[in-house]
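Two complexes are shown next, each including subunit A; its partner changes from subunit B in the first to subunit C in the second.
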Partner chain A sequence: MARAGLWAALGLLALPVLAGLAGVIAPAFGYLPALGGTELSLDPWRGLLSWGGLAAAMRLSLTTGVLSTALSLALTFLIVAAWQGTRSFAWVTRALAPMLALPHAAAAFGLAFLIAPSGWIARALSPWATGWERPPDLLIVNDPWGLALVAGLVVKEVPFLLLMTLAALPQADSLRSQMIARGLGYGRVMGWMKVVAPRVYAQIRLPVYAVLAYSMSVVDVALILGPTRPPTLAVQILEWTNHPDLQMRFQAAAGACLQLVLVVGALALWRLAERLVARRGAGWAAGGARGAGADRVLRPLGAGVALATGLAVGLGLAGLLVWSFAGLWRFPALWPDAWGLRNWAGQSDMLARRIWQSAVIALGASVIALALSVAALQAQGARPARIMGLIYLPLIVPQIAFLPGLASFALILGLDGTLLAVMAVHLVFVLPYVYLVLADPWRAWDARAGLVAASLGARPLRVLWAVRLPMLLRALCVAFAVGFATSIAQYLPTLLIGAGRVGTVTTEAVALASSANRRLIGVWAVVQMALPMAVFAACLALPALIWRNRQGMRIG
Partner chain B sequence: MHRIIAAIAIASASLSPALADSPDPQDWDAVLDAARGQTVYWHAWGGDPRINAFIASVGDDLQDRYGVTLEHVRLADTADAVTRVISERQAGRDSDGAVDAIWINGANFASMKEQGLLFGPFAEDLPNWPLVDTDANPAVLIDFTLPVEGFASPWAMFQMVFEYDSATVNDPPRSLDALRDWIGENPGRFTYPQPPDFLGASFLKQALYGVLDDPAALLDPVGEDYDEITAPLWEFLDEITPNLWRQGRAYPANEPALAQLLADGEVDIGFAFNPGRASAAIADGELQDSVRTFVFDGGTLANASYLSIPYNAAHIEAALVLANLILDPEIQARAQDPDVLGFQTVLGMDRLDAEDRARFEALELGIATLPPEEMGTGLLEPHPDWMTRLAEDWAERYGQ
Partner chain C sequence: MSLRLENLTILRDGAPMVVLDRTVAPGEVLSVMGPSGCGKSTLLACLAGALPPVFQARGRVWLDGREITDLPSHARRLGMLFQDDILFPHLSVAGNLGFGLARGVGDRTGAIEDALREAGLEGMGARDPATLSGGQRARVALMRTLLSAPRGLLLDEAFSKLDTDLRAQMRGFVFGRARAHGLPVIMVTHDIEDARAAGGPVVDVMGRAL
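Entry: the complex of A and B
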């Protein structure tokens, strides 16, 4: 039965992705009978290539994706190398969960208001320091180089990579390795980079690839922070997908194929760079430079980076919260001239409905994902099956490359626009995260407890129910919360499969992004953030409550 | 729970014989009977909270008076709903479609009407139709040069007005030439939404009117003399672009984004299609009360907003009831209230009874709204071809 769960999980991940890809590749070559395309042709590609912004859009996707991934990875390593094993580091790890629960779009909104020329930073410095009585004419958000987009991605990907790194550290035996390196006179950061980093990187390689693929093809963050003339390739594909002239769907499909090729190409390049770094790095590591002095610069830098990331997200969200209660708020006033509840009151009906729909979808998808993950893990036994690498498929194939194809299938089958269909498509993205979060604690479980139970006559299923699941309650709760947050954050799947009938707080918030109404964006982003946070808090409280009289189940 | 009840109600309604035939708006009682218990999905642009709140209030009336539930599907772009209907037809879903009603005009209306995607004609059979002032507002019969022929029901009149902050601008530019000079003298203080956004593309048309001596050609589809006619427009844009907000390297996405720039003081002059928008925003505390409006001496673009029903709509009767309700004098007066929306009514005052007329007469103008006699000439919307073509060429010249 557990084996069936494993195959169900893999099928659930792979089938929609493959079907979606087929649904994109065929129309890219002119074949989509529902739209009158019955003959193979290269017209979609001709249309794509004749778009004047193509080169720039491709360049943007590539540069912003690679830059944000490299930056996120470097900053993550810096933070861990400089501070692992200290009290501040424990504090950073505790701040991770809420940062992870925060949807990308909400973080992007907050950042946009923080750094805009009429944003909070400019307001705090004006007019006393800057002399600005009116917002300066500076292009910061939506800058043509995509730097604001990179910043928006980095503040969200650093927490994700930190989490993945933390999970990998025990297997890399990092603390003892670093201790030995320091005993040999290496600086904290230098020792970690030379001794621990290579082993950790090997373990977080797939998450890094997921970050790269995601950053190159993200739609919601790019809509909020990215350039507009032209936008990134992914955003342009979405525009073509939604174009009133249905013939543009073919061009959109060709664009989606191109996006896939671009991502695969970037991954190949990244892999090549890995080898290069490995070869050069081996010599560097053996070179013996101790870099003890570098700590004086790198440790404060690491702390600064962690603090800046936290502040960018925290202050951004605080800004949105203030906007959601603001009446008139003119530049350069630091606080609104008037406060009120009308922004919230006006949205109350819609809020109630969207929260309800989002919660039902997220709950359903997370519960199913949890059950499938447990089944898949149970089926594998002690050693992970290689085939589970497939779990990364939906994270690495760009959403924009296969979701339009999946949406066409849903429309033809008449499944679109239902709560169940949206829940099913969310499951494709929720399942990998739930599985990844659950897998490590699952394997770390002390199997001797199971042996004792078995020797007392318990069958495997009873061991699972009566011993393993209760002991792993905390991990299960965290995995559920991550799944819930992942579902809440889904924009494109909800938009394309929901057909306007099913909407979540995230589709509502991103739709409002175009309206530039900060009060409403504030309201929705706050809700978008509060919903997963509340579930996170509940999921952390539940095990503590249930196990309050079990000394052995305490943390730490 | 009541979602399930609603689903059952919808399911049983679709079994009733009334739906077997296409609804006949002339048999209004049958329409009302069939509509009761239905949910009408109105796909309408959802970027303005005031409009959303107004639509929600119409939904309350619809429920109270006719037992019809209104679901506002908030669109980022009207084209999304058009796409939806086209996709459904091509997937063979010729009934029970997702879109029951669309807020529409211009190119979207033209393309749906041409492709036979609309239910109708129905508008002139609505019980409230006799109240519509077809003499004073020819735009309720002709949308962007295309005869409407009852395939859409008008519900609000719009005319482009410029909004400026009187605290920083003393003498607003009342012609395109004056605007060009003003932009040159005040670099970075003006911009327009990025075409193909509706308001942004409308600015291009407004500018085209301003640079042409004889704009008659705009009322025909785009012809071979397109390059010749539009050359002065591109000259005008080339001249102002370096002095636009962000030097024209970025543009606001749409009307609310432009409005936010005005509220933030990033630009000094904005514009909108709703002459009462500024007043309503000031009343809501979203815009400084020093903002006023003006129009060009040569006139500004005027058009009407319509409600259309797709041919495959699942709830045509409910959509008909909705179309009729928003022509109700009470609802129209609510839309015109400067504290609500400030929309201009499509109804003729001489066609109303005394009580309904009083509703309109009781309305104040709003602090930033121009009185009717100062609104100047409403320019006819060019043929929808122009908007599409101008937006495409704009993207090629400035959008990449």
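Entry: the complex of A and C
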């Protein structure tokens, strides 16, 4: 039975991706009978190439993706190298879980509200420092170089990579290695970079690829923070996909293929760069430079980065909250002139409906993902099966490259716009995260407890239900919360498979991105962040409550 | 009741690391000694039905005249004690004992109370096992095993984490119960005092008498 679970999990991940890709490649070459495309042709590609913004859109995808990934990785390593093993570092790790539960779109809205010409930073500095009596006409958000987009991605990817790095540290024997390097006279940061970083990087390589692929093809964050004329390639593909002229779908499909090629090419380049850095780095490490003085600069810098990331997210969210209750709010004023519930009251019916749909979808997808993950882990025994590397497939193949194809299939089968179809497609993205979060604690469980239970006469199923699952309750709860947050954060799958009939708080919030209605955006973004946070809090409280009289169940 | 190892051989990469051909009588303790890494714990894992896949086992194991060589762990009725007590941290003391108590016992509460009294832990059933002392926890682990009505006991360095006084006390308790229930016992240890206290034959993993 457990074996079946393993294959079900893998099939569930791989099949939709492959089917979706097929459903994109065929129309890219003119074949989509449902829309009258019965002959192979290169017209979709001609259409794509004739679009004037193509070169700029491709360049934007590449530069913002690579820049945000490299920056996130560098900052993550800096923070860990400079502060690992200290009390402040323990603090940072505790702040990670809520940061991860936060949907990308909510963080992006928060950042936009913070740095916009009429945002809190400008207000705090005006008019005494800037002389601005009204918001300046500056394109800070949606800047043509995509810098705001890069910033929005970095504040979310640093916590993610930080978590992945933390999980890899014990296997890299990081504390002792760093201690030995320091004993040889190396500075903290320099020693870590030369001794620990290569081993840690080898472990977090797949998550880094996932970050690169995601950053290059993200849609929701790009809609909120990214450039508009032209937008990034992924945003343009979505525009074509949703174009009233259905023939544009062919061109969209060609664009999706191009996006895939672009991501694969960037991954290949990244891999090449890895080799180069590895070769240069080996010489650098053997060169013996101690860099003991560098700590004086790098440690405060690392702390500053961590603090700035936390503040960008925290103040951004506070800004959203304030806007959602704001009445009149004139420019240089730091606080609204009037407060009220009007923004909320006006949305109450829609809020109730969307919260309900979001919660049902997220609950269903997370519970199924949890069951499949347990089955897949149980089937593998002590040693992880190599084939589980496939779990990263939906995280590395860009959503915009295969979801339109999947949406076509859903349309043909008449499944689009149903709650179940949306839940199923969410599962494709929820399952990898749930599995990855659960896998480590699952394997860390003391197998002797299972052997003792069996020697007392308990069958394998009873060992699972009565011993292993209760002992891992906390890990199961965290995995569920991560799954729930992942589902809530999904924009493109809901939009494309929901077909306008099923929507979540995220589709609702992102749809407001192009509007100037800050109060409404505030309301929806607050709900979007509050929903996964509340579930996260509940999932941390539940095991603590259930096991309040069991000291052995507390985390050490 | 007796436990018979019939030409039991455990191979690693084709090379034998454990070779035993012995019968352990009811109430008798067979001590298997040797340095760490010699295969003592692998022997117990094999007997418990949890041999890691890198090893192969040959030969047969009989318990009470019933062959258990290929039975799954839960069907063998061999109780196990480790150097750590491995009490289930999510269950109370009574919950742990109840987990061990065989199905079909009528008065479960009574049986658990009797076991607590026998171990000198009267009235501690509702306690969190984490709040017990090391010696108390070790006794709960033993009572849990006995309540499952095993036909034999496997001890994996079961006394090595206890301090000297407690160790002597616990040895007496375990061996006494085993004798009273007529259970054959196989104990692996690196401590000659354990083997002396057991009073039975002492061998190394290749079956040579020490």
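Remarks
To be clear about the criterion, the second predicted complex is superposed on the first by the 556 of 556 C-alpha atoms of A that agree within 3 Å, B and C clash if a C-alpha of one lies under 4 Å from a C-alpha of the other, contacts with A are read in each partner's own complex, and residues count from 1 in each chain.
Going forward, a residue touches a chain if its C-beta (ideal position, glycine included) is under 8 Å from a C-beta of that chain, and two chains touch if they have at least 3 such contacts.
Please read these numbers as outputs of a predicted model, since none were measured by experiment.
The superposed arrangement places subunit B and subunit C next to each other on subunit A without a clash.
Once the two complexes are overlaid on the shared chain, A:501 sits against subunit B while remaining clear of subunit C. Residue contacts after overlaying the shared chain place A:349 against subunit B, while subunit C stays out of touching range.
Judged by the touch definition given at the top, the superposed model places A:90 against neither subunit B nor subunit C.
Of the two partner chains placed by superposition, only subunit C is touched by A:456; subunit B is not. In the overlay built on the shared chain, the residue A:52 is in contact with subunit B alone; subunit C does not reach it. Contacts of A:417 after superposition on the shared chain: subunit B is touched, whereas subunit C is not. Centred on subunit A, the angle reaching out to subunit B and subunit C in the chain A superposition, using CA centres, is 140 degrees in steps of 10.
Between subunit B and subunit C, the partner in contact with more residues of subunit A is B. The least CA distance from subunit B to subunit C in the superposed model is 37 Å.
On subunit A, the surface touched by subunit B in one complex and the surface touched by subunit C in the other have no residue in common.
Subunit A makes touch with subunit B in their complex at residues 34-36, 52-53, 56, 117-118, 134-135, 137-139, 142-144, 227-230, 242-244, 246, 327-328, 330-331, 338, 340, 342-343, 346-347, 349-350, 411-412, 414, 417, 499-501, 508, 511-512, 514-520.
Across the interface of their complex, subunit A is touched by residues 45, 48-50, 52, 72-80, 82, 84, 86-90, 99-100, 102, 128-131, 144-145, 148, 150, 154 of subunit C.
The residues of subunit A lying in touch with subunit C in their complex are 382, 446, 448-449, 451-460, 463, 466-467, 470-471, 473, 547, 549-553.
Those residues of subunit B lying in contact with subunit A across their complex are 41, 43, 46-49, 52-53, 56, 73-77, 79-84, 86-88, 90-93, 98-99, 107-108, 111, 187-188, 194, 245-247, 249-254, 256-257, 259-260, 263-266, 284-288, 396, 398-400.
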